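Take a look at the structures listed below.
Both complexes shown next keep subunit A, but they swap its partner, so subunit B is in the first and subunit C is in the second.
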Partner chain A sequence: MELLMLIVIAVLFGVGTYLLLSRSLLKVVASLMLLSHGVHLLILTMSGLREGAPPLLDESGTGATDPLPQALILTAIVISFGLTAFLIVLAYRTYKAHDTEDLEQLRGEPNE
Partner chain B sequence: MLYLAILAPFFIALLLPVLFRWTRARQIGWGLLLVPAALFAYFATYLPAIGRGESISREMSWVPSLGISFDIYVDGLGLLFALLITGVGTLVVLYSIFYLDKRKEQLHHFYFYLLMFMGAMLGIVLSDNLIILYIFWELTSLSSSLLVAFWYDRDRSIYGARKSMLITVFGGFAMMAGFILLYIEAGTFSIQGLIAQADSLLGSPLFYPAMVLVLLGAFTKSAQFPFHIWLPDAMEAPTPVSAYLHSATMVKAGIYLVARMIPVFGASEAWFWILLLTGLVTMCWGSVSAIRQHDLKGILAFSTISQLGLLMMLLGIGSAAMFVGGDAMESVYAAAITTAMVHLVNHATFKGSLFMIVGIIDHETGTRDIRRLGGLMTVMPIAFTVALFGLAAMAGLPPFNGFISKEMFFTAMISLQELSWGSAMLWVPVIGWLASIFTFGYCALMLFRTFTGEFKRFNFDQEVHEAPIGLLISPIILGSLVLLLGLFPNLMVPSLIEPAVASILPALDPELYSFRLYLWHGFNMELWMSIGVIVFGVLLYRSLPGVSGWWFFSRERDPLNKLYDGGLDALAVGSEKVTGIQMTGRLRDYLAYMLIFMIGLATYVFFRSDSLVAPSAIAGDAPLYLYGVAFLMILATVALLRIKDRISFIIVLGVIGLMVSLLFTIFSGQDLALTQLLVETVTVILLLLAFRRLPEITPERIPVFSRIVKLVISSAVAIGVFLVGVSAFHFRNETGFASISDFFKENTYELGGGKNMVNVILVDFRALDTLLEVLVLGIVGLAIIMLVKHRFKGGEDV
Partner chain C sequence: MSNSIMLPVLLPFITGAVLILFVKRPMLQRIVAGLMMIILTGFSLYLAADIYQNGMKTLAVGGWQAPFGIVLAADNLAAMMVVLTCIVGLVCLFYSFATIHTERERHYYYPFYFFLITGVNGSFLTGDLFNLFVFFEVMLLASYALMVIGGTKYQLRETMKYAVINVFSSLLFLVAIAYLYSVAGTVNMAHLAQRVGELEQTGILQVIAILFFLVFGIKGALFPLYFWLPRSYYGPPAVITALFGGLLTKVGVYAMIRVFTLIFNHDIAFTHHILIAAAAGLTMLLGVLGAVSKYDFKKILAYHIISQLGYMIMGLGLFTKLALAGAIYYMAHHIIIKTGLLLMAGAAQKVTGTTDLKKMGGLLRTHPYMAWFFLILALSIAGIPPLSGFFGKFPLIVAAFQEQSYVIAIVALVVGLLTLISMMKIFMYAFWGQQKHTGDQAQVRVGKLLAPASVLVILTIALGFGAQPFFTYAETVAEELLNPAGYIQTVLKE
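Up next is the complex of A and B:
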């Protein structure tokens, strides 16, 4: 189970890194989203995966899954959402100001 | 009291800026003259005790955990140098009062640096701790280059200052590394402590590296070949500085260090050979190069280099006393050390007076070029007399002190043949003798080109006359010392030279060795060598006009300078190239560097801790539907790479987010799934709003090579994350350590009063965290409003 999830996570990281190194601003934003998905799943996986054991005392009792990673991931999801939202608006404004979202053209003249 | 003596110059130097308002445009030299004079008198009071063979030490702890303590050790060698520093210092300050114009020059800077140098130099020769010695050593390098750059609006001054700084500080660093190696081996920074352990040090593997590094420091400071090139360029300093730092004291710091280290290193033959050969090469190179200079100070600079080589060589010969057996043999080589000490003082007297005379000539005529000078004998009779004394001493003529040390130098070289190599060592005296001929040659050149011949008034921009008496006092005192020490050579032997030699060769029995010096040795080999020097020296001088057209003669600058200049240029060009390759200005490249570094770091940690686990170790069953979800997830993610349409790209991105939410649901993370669902929806809407109007994604046309690099980096990241996950999970299963989560499981209801553990953790146990998280979101919201609404005045300008 964990092995399968780790393969999924590895693909998320690989594609995320590939997009991170590209020229398009949209792809860079997307890459950060993929990477944060990867990180969240990785935290969950490393602590062990449990099916049908929600961290609710009434439902699962002491057999519940580990609540701490979930709390951490919840925080991380919200923060990465804030970051992504900001990046999207920043990219939008950059495009409006420069008429391009190509990082190579945004860089300006060489030796500037 | 001793501490105060060393630190007094620093304190007084620090007072200068404070007093600047009241002392502006006044000749502050008169007041400051008291400092070296008082220090000289103070150190002279130690003479009787040191003369009896005692040594004085004071201890003061500084950083005891590192073995650094400000310990002072006064013995014959240290006292000889301290007296030299303060004595010559007094004369130089006196001379500078008349040399530097109080209205035109920045005297505060000058005396500040000079006092700083004096204190640092005293610190070098009196401290027993190598780290303290190193600190003072670098302070002398610093003050030296500040003084070279005293006329900082001249390009050549700045060039010379930078050069002296680079070369001496390079040597200083090497020396510190040597000291640290000694510390590793002996466990102490104390020089006396090292001397006590000299025998065990000799067998250590770090002995030779430490020796070479310490010698690098000494050789750069004492301008030994091939590091001597900084000294001629340091002549851009005002002449009092050249007289003081670059002939009498600072350049002798290397000689001091070598003399100090003879008991530690002298027992090895390598030490003997390095000192002998370096000294010999430096001596020849210096004296031959001096012949072709046209600048009087240039001649003196190369002459100083040559004399420093001579001193270094004498110390080398003398350290043979450490490894040859027998008292008689020992005393022969101890004579070489005596010669070095005697010549050290002699050199300070005659070279100091010569520098001052050259300064006077420069001051009165406005030039130092021997092609323009001539016939000054009648115009400046006093300066001429002093110069005659100094030059005769340097050339080794009786009855001046230089003659005595030259004779003793010949004796020392001849005595080398008594070593086990026998008469195979004959080449040393021959080469030394040839160098002496050149020494005679440039002395004659200086004397006759400057003082004899026709006096051409139109060569000078100003009226030429004898210097004021104030300028002449110091050279006259030094000049009379030259004569006095020649006629009565034993004047300073019992009180100064004997204790100094005793502290360099502690094993030597002073009863067996006579320190008497004689002006007249009788008709022996040395005398015939001296006569030969005079004969061939005259011949050399006579033939100079004939050879002056040779290429050798027409090149004033040392050929080694090309190496230095070229090296600096290559360094500048090279680092610019490296920076150019590295700093491309592309965000992608910087990200690539960081990723490569992180991959490398992770790989290193894996190998170092040997924690790599095969994926099969955690293989287990998975329900069939999970394979389906995983397959869809991978498919969607990989598809992102191929999609060209912007809207489809965003939608697939949303699909991935929803899949993540689904996975959270499967693995018992209901709260996570809900949040993820919400966040993903908002993000996709935002993306569509922002990127709807943008043009289609243009396919990237990038070279195959960078595409491959991108692929390699991203696959490496993927594999790295995979392996980290596998290892971490495996580690967790294997060790089964208690998770802190148990605390939350047990106390959620008791302490938090809730049954949803995740929620209780967030709003109760980690409430402050969550509060700040809300704050972050608030700030993001504000920033987004700013970005969307705000316009800078005057339109768009981001």
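Up next is the complex of A and C:
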């Protein structure tokens, strides 16, 4: 299971990094979405995958999954959701103002 | 256990939320914002004095004791940074009453301003690594909004880049937390310090330390990760640049100081003396070279932010009591001075309508107070005694010689000289020489802009002439940082 998860994370990071380096504004935003999914899975995997137990302790005190990473991921998902919404609006406004979404043309002043 | 340390986070948050209700009424917003900021500043001063006298305070939020719940922990360093945040916030707020366009005020300027303060104060006060990430995000989201507010072409373009690089570094931050959690099994900073001490900082922990260095290096604009700073800080109105220049990068530096004094302090020979010290030297040198090459008021100051971050990190890299005290003192000095200088850039821009030095000149004749204020601040930043810059740089350089790190000491001295040159360049181009602005522009009154900034000028003089008590305070802070056992015990209640 760990191995599968690590492969998924690696693919997400690889694709995300590739898109991040592309020239299209929208692809850059999409890359950040993919990367954040990769990071969330990484938190889950890194804290030790356990199957078949809820993140709650019963009275015997055994057999629970660590609830902390799930709480962390939940917080991180909410934050990255807000950021993604903001970035999409920002990318749209930038596109409207500059009439292009090619980052090569959004470079700024030529003499710098 | 003390609820009072929650207030510097809660008060601006509630104020920001309330201000959203009154966005259509700028006057009411200003009154509420001004009052709340004054209360907050007064309270932060009281808090800092209380912590200095009675020792550090912690708060287990929701009654969940550390290391299981989230803790807020206010030691002297955190309290000092909160005070500085509030002072800069207060000055910039009153400055923005006079400069921020009503359109921007109607588009949630003040709510975002207070959310930014919430995030900054929260980052200083938290004792939990994941919570630090959350407050970073609160601060950054507000900063994206403030940076783009007004929506000019330049702002939109540069905010996009600023946002992308910061989101990416936040993701790296999460990766670092995930790795650290897998090794140490906790995200509470005091508990982490204990666990990392037991595990010894080798192998994977060394990698994690470097990952944290990279994350805070991007946030704090250190070499080689500072390229985003000068252009994104150039776009927004001067007061927003001043607020960012004073506070945002310093949050990165603060986080780095916290993490590398509390958690990763077991392999000083590599992480501190090689990695951080080298980054410090290169940051200083390349930042100031950027400043020397520019002919724009705001851009020169933006490059100076980078160069001076190097001094603070240099103190951390040397890792002696004197050097850390110097770095702490320098950080306080820098926050005050840099905000003041950028506010002066805003005042000069208001008069001349440009920040291009080649199109400016003769401001000394038409606006003498602005010129003298600028001169005091410029001399202070260059490190001329008896102003505060001198007492920040002096202990750092002495400590470097004591540690026989001659290279970084010489770099620091050369950078001081180049700083003086570039500040004098601004003074000669903008304030001396032929008057290049029109007669109408010469009549522009900037009293309302200079009045808030004068607080900062007085503070730099006070920091310089009262160096003895302030430096004693900085030494107390440095001593706390070098003996993290006290912090760990207070947080974990052992």
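Quick notes on this structure:
We adopt the following convention: the second predicted complex is superposed on the first by the 103 of 112 C-alpha atoms of A that agree within 3 Å, B and C clash if a C-alpha of one lies under 4 Å from a C-alpha of the other, contacts with A are read in each partner's own complex, and residues count from 1 in each chain.
Here is the rule we use: a contact is a pair of C-beta atoms (placed from the backbone, for glycine too) under 8 Å apart; a residue touches a chain by one contact, two chains touch by 3 or more.
Small disclaimer: the values here were computed from a predicted structure and weren't measured.
In the superposition on chain A, A:Leu32 makes contact with subunit C only, not with subunit B. Shared-chain residue A:Leu49: touches subunit B; no touch with subunit C.
Of the two partner chains placed around the shared chain by superposition, subunit B is the only one that A:Leu21 touches, whereas subunit C remains out of contact. Contacts of A:Phe86 after superposition: both subunit B and subunit C are touched. In the superposition on chain A, the residues of subunit A contacting both subunit B and subunit C are 20, 40, 42, 46-48, 68, 75, 79, 82-83, 86, 90-91, 93-94, 97-98, 112. The touching residues of subunit A, counted against subunit B in their complex, run 1-24, 26-27, 29-30, 33-34, 37-38, 40-42, 44-58, 62, 64-68, 70-71, 73-75, 77-79, 81-86, 88-98, 101-104, 107, 110, 112. Residues 130, 133-134, 137, 141, 144-145, 148, 151, 153, 156-160, 163-164, 167-168, 171, 174-175, 177-179, 181-182, 187, 231 of subunit C touch subunit A in their complex. Of all the residues in subunit B, the ones that touch subunit A in their complex are 585-588, 591-592, 595, 615, 618-623, 626-627, 630, 633-634, 637-638, 640-641, 646, 649, 653, 656-657, 660, 663-664, 666-672, 675-676, 679, 682-683, 686-687, 690-691, 694, 697-698, 700, 702, 710-711, 713-715, 717-719, 721-722, 725-726, 728-729, 732-733, 739-741, 744-745, 748-749, 755-758, 761-762, 766, 769-770, 773, 776-777, 780, 783-784, 787-788, 796, 798. Taken together, the subunit A residues at the contact with subunit C in this complex read 20, 25, 28, 32, 35-36, 39-40, 42-43, 46-48, 68-69, 72, 75-76, 79, 82-83, 86-87, 90-91, 93-94, 97-98, 106, 108, 112.
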